[in-house]
Amino acid sequence: MARAVKTQRKAINTALAWAVGLLIFFPILWTILTSFKTEAQAISDPPVFLFFDWTLENYAVVQERSNYMRFLWNSVIIAGGSTILGTIIAIPAAWSMAFVPSKRTKDILLWMLSTKMLPAVGVLYPIYLLFIKLGWLDSRVGLIIVLMLINLPIIVWMLYTYFREIPGEILEAARMDGASLREEILYVLTPMAVPGIASTILLNIILAWNEPFWTLNLTAAKAAPLTAFIASYSSPEGLFYAKLSAASVMAIAPILIMGWFSQKQLVRGLTFGAVK
Amino acid sequence: MATQHSRSAARLMMAPAVFLLLVWMLVPLSMTLWFSFRKYLPLRGGDLGWAGFDNYVRFVTSSSFWPSVMTTLMIVGGVLVVTVVLGVLLAILLDQPMWGQGVVRILVIAPFFVMPTVSALVWKNMFMDPVNGLFAHLWKFFGAEPIAWLSEASMQSLIMIVSWQWLPFATLILLTAIQSLDSEQLEAAEMDGAPPLARFFHIILPHLSRAITVVILIQTIFLLSIFAEIFVTTQGSFGTKTLTYLIFQRVLESQNVGLGSAGGVYAIILANIVALFLMRIVGKNLDA
Amino acid sequence: MTLKGAFFAASALVSVSATALSAEVLTIATVNNGDMIRMQKLTDDFTAKTGHEVSWVTLEENVLRQRVTTDITTKGGAFDIMTIGMYETPIWAANGWLVPLDDLSEEYDADDILPAMRGGLSHDGTLYAAPFYGESSMIMYRTDLFEAAGLEMPEAPTWSFVADAARKITDRDNEIYGICLRGKAGWGENMAFLTATANSFGARWFDEDWTPQFDSDAWEETLTFYLDLMNDAGPPGASTNGFNENLSLFQQGKCGMWIDATVAASFVTNPDDSAVADKVGFALAPDTGKGKRGNWLWAWALGIPAGTQKEDAAKEFIEWATSKAYIELVAANEGWANVPPGARSSLYQNEAYLSAAPFAEMTLKSINSADPLNPTVDPVPYVGVQFVAIPEFAGFATDVGQEFSAALAGQQTAQQALAKAQALVADAMEAAGY
């Protein structure tokens, strides 16, 4: 009896959760479907869902117009580079905040977060002028550094909350065994923190990949990532839903696939200290 | 535990991050401050000299200023309410036993991976377009007059688009928090005959308060500066001009860098007020 | 001929003419319009002829403006060639930011550029950007719908005829809207249309002392007329429709009339994209009998930022992309109807073009009837038909456009929108030091 009630409840939960899940996912699904339609089918009324002549033409058109691989490669380098650089700088900082906290630790943390509140548009001219002086305009190095700085506070915070949950006694023990500070971080702390670091890295790759302002405004041809790629497909002349969909799928697919495959790692550390 | 030695080592290790962020904050900030006191019109020859507080006065007395502050707060507030409420409900739902939980979770977090520009383009064209959008088809199917979403319900539409992007983030954090809830406590309450609502308000919600705080804090930081979504959908028309967007218009469309920089200073002030406010109400939750 | 063969043949030519000694890579910023995308596809021809390569930065119009303006004002040097319009060119040239194009080759035949285009892209009589294509605006209408309604479109209609016809044709149950006009806010969107229309109603942006004129009766008449017409005969959600949205609507057969850029004529008559390709007629933009028609003048042109290291190669590209030979190249690849229009006189004497493009004659008439130097009924201190050629215009016109767009969406009355517009522009002009 109780088992039957449980099964029934599970069935209802399942149905409800799947309905909600599909509803949330639907815009992406619809974009993927539309990308395989012709332009006429893309706007047909009533809309066609699955039974249309699937075509790859839109992808061919997009590929012919823009060198997708170059944009993709730039996105990979910029998102990956800024995340790795940020993590390298953030790990020692987070370590010291977590294990040698002082009265000002929390203030420093909040101050770091507050640097993210500077509206990007307001400093476009200063940064642009600076980039010209440094010769960083349209270079991947410049973008890696800017995105690293933008995301550094988040990286530090995530690592800090994660490190804090690691019992200090273990580090203490390592120290007793004569481990130097470097060894302590490298061989004791880091392996234990791998899940947290992995999750931090994943989240920041996503944030860097999707950053829409600097990646567009500080690049031209050489360093332009996928955010600039998509800017050439928004509202062109004539019917464009199918081509826009194809370009959208191409822009989000790599990160979506990465996210899905690594969602366990991403979720595990994505707590920002919210769970005790 | 912390010795003098490790204390100074700690300071040393924090130095690179602190130094970099200090530079990243001070350089643009001081340049913004400098420009905000200059009559800087790039298309009229650049820096035309000292402007005193003219830019500040002009920016704040413009008829667009207060509406833009209100719009900013409404969008941030609206998205926060939607994502937190739906996020809690969704997290509770996903925490229940079910078949295919992993797949559902993948479906739910997917929007978080979509770049803001793409999400805005897809919503604007393929869903909210009053003639060819899917919503228009749906409305017509039920015999209703299609809605011109982005002009007639601009604010709601914008909040919806942004909420769609941030709901997965909220849900994930809240879900992790719910999963850490002691299930025995809930079962005991159930045994005692506490109705579901009471269980929700007395056990689940208090347990989630810390996670909700985190969601609000992180999202506020990102939402205060949303730009791409507005740029793609309404371009600031129909009452969707946020402070960030107003600054964009002053700097890039009007080509008045001085005026825009003064706006930037106001935006920083607003962000700090919001941050202070946040710390007051939610900061207690953050104390470890 | 293989590509390699072409390349060798071309390099032989180059070494004879000795123009480009070293091959360069040009970075060109352009807008994602159909004609520019065609140009991208044909870049190989340029590379084969000159040895220079091109990397394209193709952006949506608003993003493009934002990018190139930032770069030119800061002398960033991110681009070797920028795609700009009639509004930017004279302002940038006056600041000395563009390389003058006064030494183009004999065979390029700069005198062949239509005088209206040449005038709009020059500063002090020197050409600073070469027109890739030029446009005015005109009425595109559905001949079948007009016939069914028993209407006949005159070659030069009045606004009252257009308004009556639009209301007659409208059939909301079948999603036929009498008239599609721009409503999306932006100085290059709804304000381009409304400014040109206002000219035909006898309104103007400023009087001769630079006082904004939105409190004038003529503006009130213009805006009220536009709002009434769109409410009665326009498509739903018109306040977010710009050029692209209306083009799409017209191609789907949902508009009875569309008053917009003349370049759209080749898109709406192209059977590949348009469901109504064989049912489109053309007429001049309407007037009210006050002596000005509501048509604008615009060109998308290629300019070289001053200070680029690759000036010679950039000039070679501009000569290639805006030459007569390029037009022939497009004609050979895509047909005459798809060549970039409105830039050269010779195109309008070309029989092959005239027979392939039924809209050619009306396009030329529209372009020739627009007068940027005397755009309005009453005298004005500014140049420009659908814009005012001062640096502040883009900013305040977009603000005004948002007020008018909100009025179209029914969120405020014409009077409220005009009052706000008057205040906004007065404030912006004061900030600019007028």
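Order of writing sets the chain letters: A, B and C. Residues in each chain are counted from 1.
Here is the rule we go by: a residue touches a chain if its C-beta (ideal position, glycine included) is under 8 Å from a C-beta of that chain, and two chains touch if they have at least 3 such contacts.
Remember, predicted model here, so these are calculated numbers, not experimental data.
The touch graph of these protein chains is complete, with an edge between every pair of chains. Put simply, the chain farthest from subunit B by mean CA position is C. Distance between subunit A and subunit B, defined via averaged C-alpha coordinates, is recorded as 16 Å.
A straight line joining the Cα centres of subunit B and subunit C is 37 Å long. Subunit A and subunit C have centres, each the mean of its CA atoms, that are 39 Å apart.
Residues of subunit B found to touch two or more other chains are 42, 132, 252.
In subunit A, the residues that reach two or more other chains under the touch definition are 43, 124-125, 129, 231, 233-234, 240.
Residues of subunit C in contact with at least two other chains: 66, 70, 74, 245, 248, 252.
On the side of subunit B, the complex with subunit A involves touching residues 1-2, 6-7, 9-11, 13-14, 16-18, 20-21, 24-25, 27-29, 31-32, 35, 42, 90, 93-94, 96-101, 103-119, 121-123, 125-127, 132, 134, 137, 140-141, 164, 167-168, 172-173, 175-177, 180, 210-211, 213-215, 217-218, 221-222, 224-225, 227-228, 232, 243-244, 247-248, 251-252, 257, 260-261, 263-265, 267-268, 271-272, 275, 279, 286, 288. Of all the residues in subunit B, the ones that touch subunit C in their complex are 41-46, 58, 62-64, 129-132, 145-146, 148-152, 231, 234-239, 241, 249-250, 252-256, 259. Residues of subunit A touching subunit B in their complex: 6, 9-10, 13-14, 16-18, 20-22, 24-25, 27-28, 30-31, 34, 43, 45-47, 89-90, 92-93, 95-97, 99-100, 102, 106, 108, 110, 112-127, 129-130, 149, 152-154, 156, 164, 168, 172, 181, 206, 209-210, 212-213, 226-227, 230-231, 233-234, 240-241, 244-245, 248, 251-252, 255-256, 259-260, 263, 267, 270-276.
Looking at the complex, you find that subunit A touches subunit C at residues 39, 43, 64-66, 124-125, 128-129, 131-132, 137-138, 216-217, 220-222, 224, 228, 231-240. In the complex of the two chains, the subunit C residues touching subunit A come out as 27, 29, 32-34, 37, 40-41, 55-61, 63, 66-67, 70-71, 74-79, 242-245, 247-248, 251-252, 267, 273.
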